[in-house]
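In the two complexes that follow, chain A is the common piece, with chain B as its partner first and chain C second.
Up next, the complex of A and B:
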């Protein structure tokens, strides 16, 4: 029975063409309102961060007469301590945050998959070494280590920050990938591939990992949320050079300029918080819906 | 003539929480090119382990695996890769032996590309079609784009056989390859394996618990009977089924149901002293079969491990009593 359940095809396998896979995916998603909202939330914020700046001119001129305005038609989200439009900053402030989150998630997933699967397949001393490094990384409190690294290295570019975040995030996925691969590599079809001399690369990337892809996608999304939190936290603490404009820097200035104490500044401090929370919420609800969709046992008929 | 592939006193011990288990104990078997042979035994007798040792997927604890006279576990690199391709395993469970995420074409074309038997997709498709036809999956166009879950058990098993054929093997070890498919298609699968063996001169080793299947499959070859990790009798199918020498083989053959009730009633049955198979963790001393054996002699069978010895005519048996009696009989007829 177990083998029948495990062998049951997941979403992508049941359908031949990518077009049908997409349609089927949207159909299953549409039955999960929370996931659907999350999906549209993600699309909205991606458009906001990467497409909207093309159409909206950047406004960076301080205006002393417009400080801490409440929302109006001219300034839908009010203005900040320099009289700059908050909505404009929200539009321009998403790109860096999301780029760093995506790069960090991508890198950490890549590290985890590569080393986790290679360690599991090859085994022996390599496996022991990888597991040891992973366990050590897992036991160190991440935020404190991140603060220490940021304080020492002073990341100047956002790509650099993304790399640091990635280096702190791979460990839990690696353990899970390794465990999965350890069980998958005992499957008969993997043994057949070994016997056919198809090579390590084929076995890992063609036979084993495709059966884990749902898992990897979900983890990727979740590690994006993690990277965002860590990133905003580290900006808020002022551990990266504050330049340009993003949601984290908005929060940093809002707090630094005492926005917490002015009633009129509510919109200024709340806007980036809302933007960050909504992105996180969208990612999390989309990920949980994906878990349902990819899991044939949880999927309703 | 040296055998194509040979197990030379091969043993394999597994370490379990309950203690070491010797699944295969000093087994020697030799297979000629193009031969169809069957290994028969109860579950837990080490036949699957023997199959995995034969394909080189498992390293023996002791003993040698010889392919074309060369010790496989001492060869390296290209020679080892050549051996791996020459010996293919067809698994028992066709639901687990095909990757659920890969289509029939992907499954069959990967080894073709890897071993440079096809360079373009067009060449690969032609070869895949040919392979599918060879395993009677016709018309092939209906199958190339299918995923395993869209196929029946028998069709999957045919795809698994086709996959083994992609690398032009010299030996195919079919481990219970027909026990998971419907009875109605067993015979056609067995015939397919036999036909492939004849057509391409491939040695086929069928591992099964079902002596009826073995008798059908190896009707022109040999059967090896295994019991608790040892080969107890090795003979031509004809003589083994007609006149089993080892009491365990006799018991197995007595247990084959016959379609004719008269034959069933008049059939010679062996009364085992116990139906219980001893635990592999605490194997009986001497001959492992002696606690169940009707011929067991105290002071001999419970002390000394019987060797697999040739007895007249044309077979090998591992049983003190059977060897003694058969040799005596032979001497009597000669005199």
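Up next, the complex of A and C:
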């Protein structure tokens, strides 16, 4: 594709082989300690949530003599109100939360990219309509609506919850995708593709979107944090039928059982808080490092 | 003779409705008002459909409940009539008429009556709690905006210094931890572990027994009770303002007009406030409006944690008691207040930026 050479090269385009790109990316990342820590944080929590449960045996037996134990060798993070090991719950409690966040982020990114770029490329009435719908969704107080929806629909499966979350949070990304595509579509290589009559699909998905890759990845990560926030929020409020155990449900029980006001249960309540906060922090700092790397205007100094 | 029709129909004065409306649509203030109206309409419609059309909708649930609780003494028709009056929807009418009458009563701010405290209108319930949420959210947001902008400006001017690193890092840390987790941690460390703050004394919007009014003791009491929510809104919003203001200032500093101002020999102080600061703050005004919606939503969890009697807590009570008219009313009224805040921001924005105020200004 000769037209790609004419465009302002982004990092991915300048480097040919994917391996070289990866190395280059890690080199740039290693210069940003906060971003690097965030990257390893994400890797750590993904491993903890999806790989560690394979090796750690699941303990779900309540033990009435071990209630609210302080951290010890047998229970590194203490025990909960039923005498269950907190560390074990942390290991098993990440999968559902992260899965919902990833599905919600994937869906909302997909909605935003598809409609945002198509609206920008086609323009006219379709564009006006998409912008209007986006502006409206952007102003609705999402958590309030989410609380009402959750109260009426009572989402029982986590996939359903993820779909609701995605439907509520695509708007800010769509607005930005549209703005980006509007400026990109005037570029020469898009003009060239249009004069070759390569079709809307080709222009959007093969010419415009690849140059926005980094941008999309960053927003995917940010929308994961948004989904985590809303998800844990409504779990904490007890609006999702409680099944199984995850970090949000741990926190819900810890609060409901009054562990918050019990001085010895510090680690029981702090563990899910730290897990969720650290995931959020890792995602946010990795995203801001990516922004730094991919935005050459800010790089320089 | 031939000149008469031309004189009767001068080209410029001819009223072309399409052109006229098109011009109005392009006018930013008209656009903003139209957008606000549309948003409220869409939310009400979503709410109507959620309440009325979903399988196992609240209306059907209420009818079943009424029949069951009376052991069959109430017929289906009677139960439906009771539910009708509770929801302020005429259930026997065709759906489109139900929708229209629902909209009509909404315009008159009649959103039905509470299930539980019979006879109390939803509007009066909400008006009793809405001021508290608006007060705490507004104060926290305004404080974080002012302090955040000052810190962001400072960080941008001391770019890459130690101060900048500390401010930016602290900003990104506090903005990425969910606000309800910060709230729980505050209780955990300040209330339970260190026992510095007595959180139970701070419950509610004001101390019981005090007569609401504008006298010093009551105003002080209000701030005492709102202190924790305000602190949380402040802490969790300030990072966003610091980071946005920092990057907005950095890009404003690269603009040509700053170089030009420097070349003209203007003082640094004047460039900082009138040239860089003013232009960097402009986009943040719109962001301010968007975060009103975000915090009002997030306030539900914060108010629940601190037992602060605002809209959020009332909403959760209604959810727990399945008091659907109240749920519906709160969704609508919070949306309306957020939309109004957005509208205000749009108007302020067009005042601050003369380019936007004119018709045909920058789109999007």
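FYI, the second predicted complex is superposed on the first by the 291 of 301 C-alpha atoms of A that agree within 3 Å, B and C clash if a C-alpha of one lies under 4 Å from a C-alpha of the other, contacts with A are read in each partner's own complex, and residues count from 1 in each chain.
One rule holds for everything that comes next: a contact is a pair of C-beta atoms (placed from the backbone, for glycine too) under 8 Å apart; a residue touches a chain by one contact, two chains touch by 3 or more.
Values in this document were obtained by computation on a predicted structure and should not be read as measured data.
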Superposed partners chain B and chain C on chain A - clash or fit: fit
Vertex chain A, arms to chain B and chain C (CA centres, degrees, nearest 10): 90
Which of chain B and chain C A:211 touches, first, second, both or neither: first
Larger contact residue set on chain A - chain B or chain C: C
Touched partner set for A:232, first chain B, second chain C, both or neither: second
Chain B versus chain C as contact partner of A:200, first or second or both or neither: neither
Contacts of A:266 with chain B and chain C, given as first, second, both or neither: second
Chain B versus chain C as contact partner of A:187, first or second or both or neither: first
Minimum Cα separation, chain C to chain B, after superposition on A (Å): 8
Touching both chain B and chain C, residues of chain A: none
Chain A partner contacts - residues on chain C that touch it in the complex: 35, 38-39, 42-43, 46-47, 50-51, 54, 57-58, 159-160, 169, 172-173, 175-178, 180-181, 184-185, 187-188, 191-193, 247, 250-251, 290, 293-294, 296-298, 300-301, 304, 312, 315-316, 319, 322, 324, 327-328, 330-331, 334-335, 338-339, 342, 364
Interfacial residue positions of chain A with respect to chain C in the complex: 34, 131-132, 135-136, 138-149, 151-153, 175, 178-179, 182, 225, 228-229, 232-233, 236-237, 239, 251, 255, 260-263, 266, 269-270, 273, 276-277, 280-281, 283-285, 288, 297-298, 301
Chain B partner contacts - residues on chain A that touch it in the complex: 3-4, 7-9, 12-14, 16, 187-189, 191-199, 202, 206-207, 210-211
Touch list for chain B against partner chain A, complex: 55, 57, 81, 84-85, 87-89, 91, 93, 95-103, 110-111, 114-115, 145, 147-149, 160, 163-164, 166-167
